[in-house]
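Pasting the structures here.
Below are two complexes that have subunit A in common, paired first with subunit B and then with subunit C.
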Partner chain A sequence: MASPGSLRRSQRRFAFSVMTPIMIYLMIFSLLPMIWAVILGFFDYSPARVGGTIFGLGESNPFVGIRNYLDMFNDSQPATVFRKSVSNTFLFTFLILPLNLAITLPLAIIIERSHARVKGFFRAVYFLPTVTSAVAVALIWGAIYNPQAGLLNSMIRTIGMTPPKAWLSDPQAFVMGIPLAMIALIVAHLWQDFGYNLVIFIAALQGIPQNLRDAAMVDGANEQQMFWYVTLPLLQPTLLFVCVMTILSSLQMFILAQVMTAGGPREQTTTMLMSIYSNAFRYQNMGWAAAMSMVLFGIIMLFTILQFRFLRSDWEY
Partner chain B sequence: MRSYSPVRWLVLIMALVLASCSAAAPAAPVAEQVTIRMWSHQNSAFNKVNQELIDQFMKENPNIIVKYETFPYDQFIRTLQTSMPAGTEADVIEMFGSWVCNYATGGRLQETPAEVMSYTKAQEIFYKAPLDGYYCDGKLYGMPNEYNLEYSGALVNPELYKAAGIAFPPEYKDYNSLIADAKKMTAFSGETMTTAGFHYVGGDALGFIMLGGILEQGGNYFADDGKHFNFESKEALNVISTLTRYAREDKVIDPTLFSGDNGLPGAFFKNQVGIAYIGPWAAGVGLVDYPDVKFEYVALPPMFGSEYKFAADAGWGKVVSTNTKHSKEAWMLQNYLTINRANALKFNQISGTVPALKELVDNPAEILAVAPYMQPILKLLPHGQYLGNVTDRDQLFYEIIAKNLTDALNGTMTPEQAAAKMNAEANAMVDSKASK
Partner chain C sequence: MITQSQTNFSHLIGAVLRYTVLGIGLSVTLLPFVYVILSSLKTPSEIIQIPPTFFPKVPTWQNFTTIFNDPKVPLGLFFFNSSFVAMARVGVTLFTSSLAGYIFARYEFGGKGVMFAVIMAQIMIPFQMIMIPLYLILVKLQLIDTLWGLIIPAMIDAFGIFMMRQFIEGIPRELIDAGRIDGASEFQIYRSLILPQLSAPLATLGIFTFMATWNDYLWPLIVITTHERRTLPLLLTWYSSNHGSRPSLTMAASVIVLVPIVLIYILFQRQIVANAATSGFK
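The block that comes next holds the complex of A and B.
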């Protein structure tokens, strides 16, 4: 007799038949490229060279061991740019996460409490930038930031203030030590991205049972106490999901920076993905780019594990 | 029911096979149809002329079918890189000269067969600067269609000249007069520069001014070993200091504002630039994409000294892949597109590119009839030399020269610091590639 929870033979066959195609797909398009990237990280591989007989590895694409990883610490220009891109990516991520949460959570609470018709309208309006093409968003914000004819500078001048010389290209413009171009990029990214988290928070808030709130009210909790002691703890799984997704997307920042600043000025907005892309496809240093992508993979994995460790909750409602 | 024995079955099958074989045999010998592919990046003018020439080729060679496939520029590079290891790239590829040796020495391209063209013969008919991009380790790989020129030519804006009360078109004998005019055309709104008198801040422009400037002064950007660089010479420092002076003292360009969207040639066609240092290809782009903008293309004097001397970047041409299964037909097409005078002329006329074939420049009436803006710079062509093996052209130009020069122009580094950093980074690039 099958143990409780185990599947019957027909169920197993069904599960196997529906999962096999997707597993094959994942193996071919996800797992194999990942394994290939791990291997490439140990070679000085360029697709421009024929190399050895096994997948072009060896001979003119020689095995270099951990040389690509060690090179990340030397003084060469690509290594310097890569290290700069790592610090830029961290800066971007750690500014985006709290700012995103600080905007989306209160806004979600306000929208969730509003009338049903208004709720739908605002949810749609705020979600619109999320479904807009990132390239289009980058072009829109590029025009807004234009130093000579941009909307932002016109508005600043209208109120009698002096705008910065250039939002996206001045290498000497900093605000509290953060490059102005990075701040401009963060604002554009927040505008595009916050609708996603907002919709998730609204859905999570709607899922909190009303009887828990009623009980808190009966116990005399005010609005603030209700938020801190009822709403926020119950949102913990959603908060974990939102944090993980926001960090993942921020660590993989590419399109906005590529289109708006191309990594400039002076690599102040070069992200890890931009560095990997340009080394792989512009300079044909696939081995070096693969090693860098392994570092990015490690960082993303570490963050995800840490967040699951510290933000997970052991209960559901 | 009647049954057949195995022997009968065998006889029947053999009879059918023999019958089908005899039916398939042609009544008369017919030339074998061969299908080859050609790839290029997407550029409406290039694609138009390539397609026309391919159609013509197929008419003249009815047994060869050519499939012409194009890709957006970035995708083209990625596709080359992924298809070559897989052996699925096209038989003939339109490739930029400065990429050729990278692919050729990696074993991805076929050496030009001696019966198609020898290097000695090619030197007679092509300019050396574009040809040498296709000549790697003593072997010729394909041939150029274009002489890529980014040196000593400029787009000039008649409206801004007129508004500043300067005679048009200008004929500059030296850079003092050019900068004087540029200063008159430069305009500000408060402290924000709205019009740049002289725009030379671009990845290609800065690179070619840097290398050409060193050569004009009799220097060399290569170190004695011919592989490493010397960007700390007095000639190199002079180039950086001069360009910095134009930006910081003469204030004819603000590199912070005139970059990105306001880079070259975009800012010029927005009427925000008086003189834009750029290759003649930009004039071709202007005629097609900005028909309402009035401009002229003029030759500029040497920036240093009185003699033109410059480094050139080969240009677009056609190469043949080592993976082709139809070498003969691929080289026929390659030959047809690059060496045939009428076809090479047609390519340059329609694509607006400078001819790589000497003959077309020696008798320039036909090319000038279509691209009159090339007139001022045709006289410069014999003064060019190929860039040489600069290890990684894009990294050197965009990541090393342009970035460090821009830092000097912005004032975030002194010219000496920029030269030292440029020198260190360029040589580290050489060492890094050599050591792996």
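The block that comes next holds the complex of A and C.
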């Protein structure tokens, strides 16, 4: 048998032979792109132009300092669209969040109280949309919203009401100041996404010990009091996690809007990620797009840090 | 004082209310699926007819045969593209996650803490931030417009490594020591003593990686330009934009793309739902 020293040496050799390629890989496919993204934001860079020797930066792809960031505030067409996409993304995110919670939390409570077999069935069905391809979801909902032959309008006509002329393409249609196309996207997104939070809430509810509820019951608490004073406080860490995850995924909204409305009508549903995508890969304006992606990154980072702040919870039960 | 019959009555009302809500939720969830299936079985004239029908008058496979016989849509090829990328990413992710997870769980070496932190930091980096430089790197490596371009940037999964490390820490050290006494090499210990213990978490990680890759859209949209190299979601948007006047065909194409993933979901439903709740997969 080998001596302890040589054994330790062979273990260390094994560990390093695994970790070295992984670290080199991460340097190329993660660290380098991160640094590069930051640098690109300070250049007027297009891959269509031949630039300097280092990453094509310099010469015809000149360094412009913080001009890309300053340009976000001017009156040019790309800057206007970008600002519109920022406000659209926030509008989308902060409508999605309360609506999602208003659906998933009560539904989770109802399901959690149901019979075990019923519970499994409903949970499985409600989760189904989250695993389906978002592109297919977008096409299906596009057909549902079709103004002539779509399911939604024929249902509205059946109950004797007049449907709107178009759900996804009428720039004049607003409900309470929110573009109709945005509302249509939100409904489709909620449909696809709600199962995820639902399942998390059900698991969290199952984790609340029965004796706490029994104690409240003995003290004469009714259903409502039980929810507000027992269930909700104990759900607080989960609630926070769910809020942050929902915010983060909504901030990166892309597929549904890209496929259903292509950002229209009149940029009313253009999201930040769509704006970054089209500037980088359609107009080849990568320096400008990289600067925009840094703004989105900053917003995402802010919410991620908030999550870590708040998730250090003192709850224990 | 509440009488017995009153409480029974309110219980009954509660149950009726509960199941009404659950039933409404169920129909809203399933209606789009039913709608796409029924629409895919309608004739091209029926689907644009006004007033629209819900159930097809005469169900027909016509839309599916049109797609299957379309020379521009060699479905087998697109299924191969999607499956190849998904299987490759599952294989590589399972290998790197279990191996690195094992190292982090059971080995001591200089820089271990830093390396672990570097890998975990990957979770915090949103893909949209690095996608532009990543594209430029793939251009340099001549991987643009290849299926490898969809696989190579996704070989390390920080979440997978974390998950495997957690799991391997629960495997008794004696097992590894026994392997060493038998003279097994370090890789043999991983291969024949650790890996067989990991079937449950590997299956979970594999299913989630498969589903995420199968449904991936933004990165393939950036990388792939040649029609024959499209994955199924890319094929789907291409197909629908080329058959805008024939929605029944688009619906049939959507059904074709949805079937495999729904089947996988039905097969692994328990595992998928339970793990989505506890592990924060998305």
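Annotations
Throughout what follows, the second predicted complex is superposed on the first by the 277 of 317 C-alpha atoms of A that agree within 3 Å, B and C clash if a C-alpha of one lies under 4 Å from a C-alpha of the other, contacts with A are read in each partner's own complex, and residues count from 1 in each chain.
Heads up, the rule we're going with is that a contact is a pair of C-beta atoms (placed from the backbone, for glycine too) under 8 Å apart; a residue touches a chain by one contact, two chains touch by 3 or more.
Bear in mind that the values here come from a model prediction, so they are computed numbers and not experimental data.
Overlay on subunit A: subunit B and subunit C clash in the combined arrangement. Of the two partner chains, subunit B is the only one that A:Val81 touches; subunit C does not reach it. Once chain A of one complex is fitted onto chain A of the other, the partner contacts of A:Phe55 extend to both subunit B and subunit C. Of the two partner chains placed by the overlay, only subunit B lies in contact with A:Ser46; subunit C stays clear of it. Contacts of A:Gln268 after superposition: neither subunit B nor subunit C is touched. When the two complexes are overlaid on their common chain A, residue A:Phe297 makes contact with subunit C while staying clear of subunit B.
Once the two complexes are laid over each other on the shared chain, residue contacts for A:Ser169 go to subunit B alone; subunit C is not touched.
Taking subunit A as the reference, the larger set of touched residues comes from C, when subunit B and subunit C are compared. When both complexes are overlaid on chain A, the residue A:Thr231 reaches neither subunit B nor subunit C. Of the two partner chains placed by the overlay, only subunit C lies in contact with A:Ala124; subunit B stays clear of it. Once the two complexes are laid over each other on the shared chain, residue contacts for A:Arg12 go to subunit C alone; subunit B is not touched. Common to the subunit B and subunit C interfaces on subunit A are residues 47, 55-56, 146, 148, 281, 286.
Taken in their complex, subunit A has these residues touching subunit C: 1, 7, 10-12, 14-16, 18-19, 22-23, 25-26, 28-30, 32-34, 36-37, 40, 47, 55-56, 106-107, 110-111, 113-114, 118, 120, 122-137, 139-141, 143-144, 146, 148-151, 154, 157, 191, 195-196, 199-200, 202-203, 241, 245, 248-249, 252, 254-255, 259, 273, 276-277, 280-281, 286, 289-290, 293-294, 296-297, 300-301, 304. Residues 74, 77-78, 80-82, 84-85, 99, 102-103, 105-108, 189-192, 194, 256-257, 259-262, 272, 322, 392, 394-395, 399-400, 403, 407, 410-412, 424-425, 428-429, 431-432, 436 of subunit B touch subunit A in their complex.
Interface residues of subunit C facing subunit A in the complex, by the touch rule stated above, are 18, 21-22, 25-26, 28-33, 35-36, 39, 47-52, 54, 96, 99-100, 103, 107, 109, 112, 115, 118-119, 122, 124-126, 128-137, 139, 152-153, 155-156, 180-181, 183, 185-187, 211, 214-215, 217-218, 221-222, 232-233, 236-237, 240, 247, 250-251, 254, 257-258, 261-262, 264-265, 269-270, 272-273, 276-278, 280, 282. Partner subunit B is touched in their complex by these residues of subunit A: 44, 46-51, 55-56, 60, 62, 64, 67, 71, 75-78, 81, 142, 146-148, 162, 165-166, 168-172, 261-262, 264-267, 281-284, 286.
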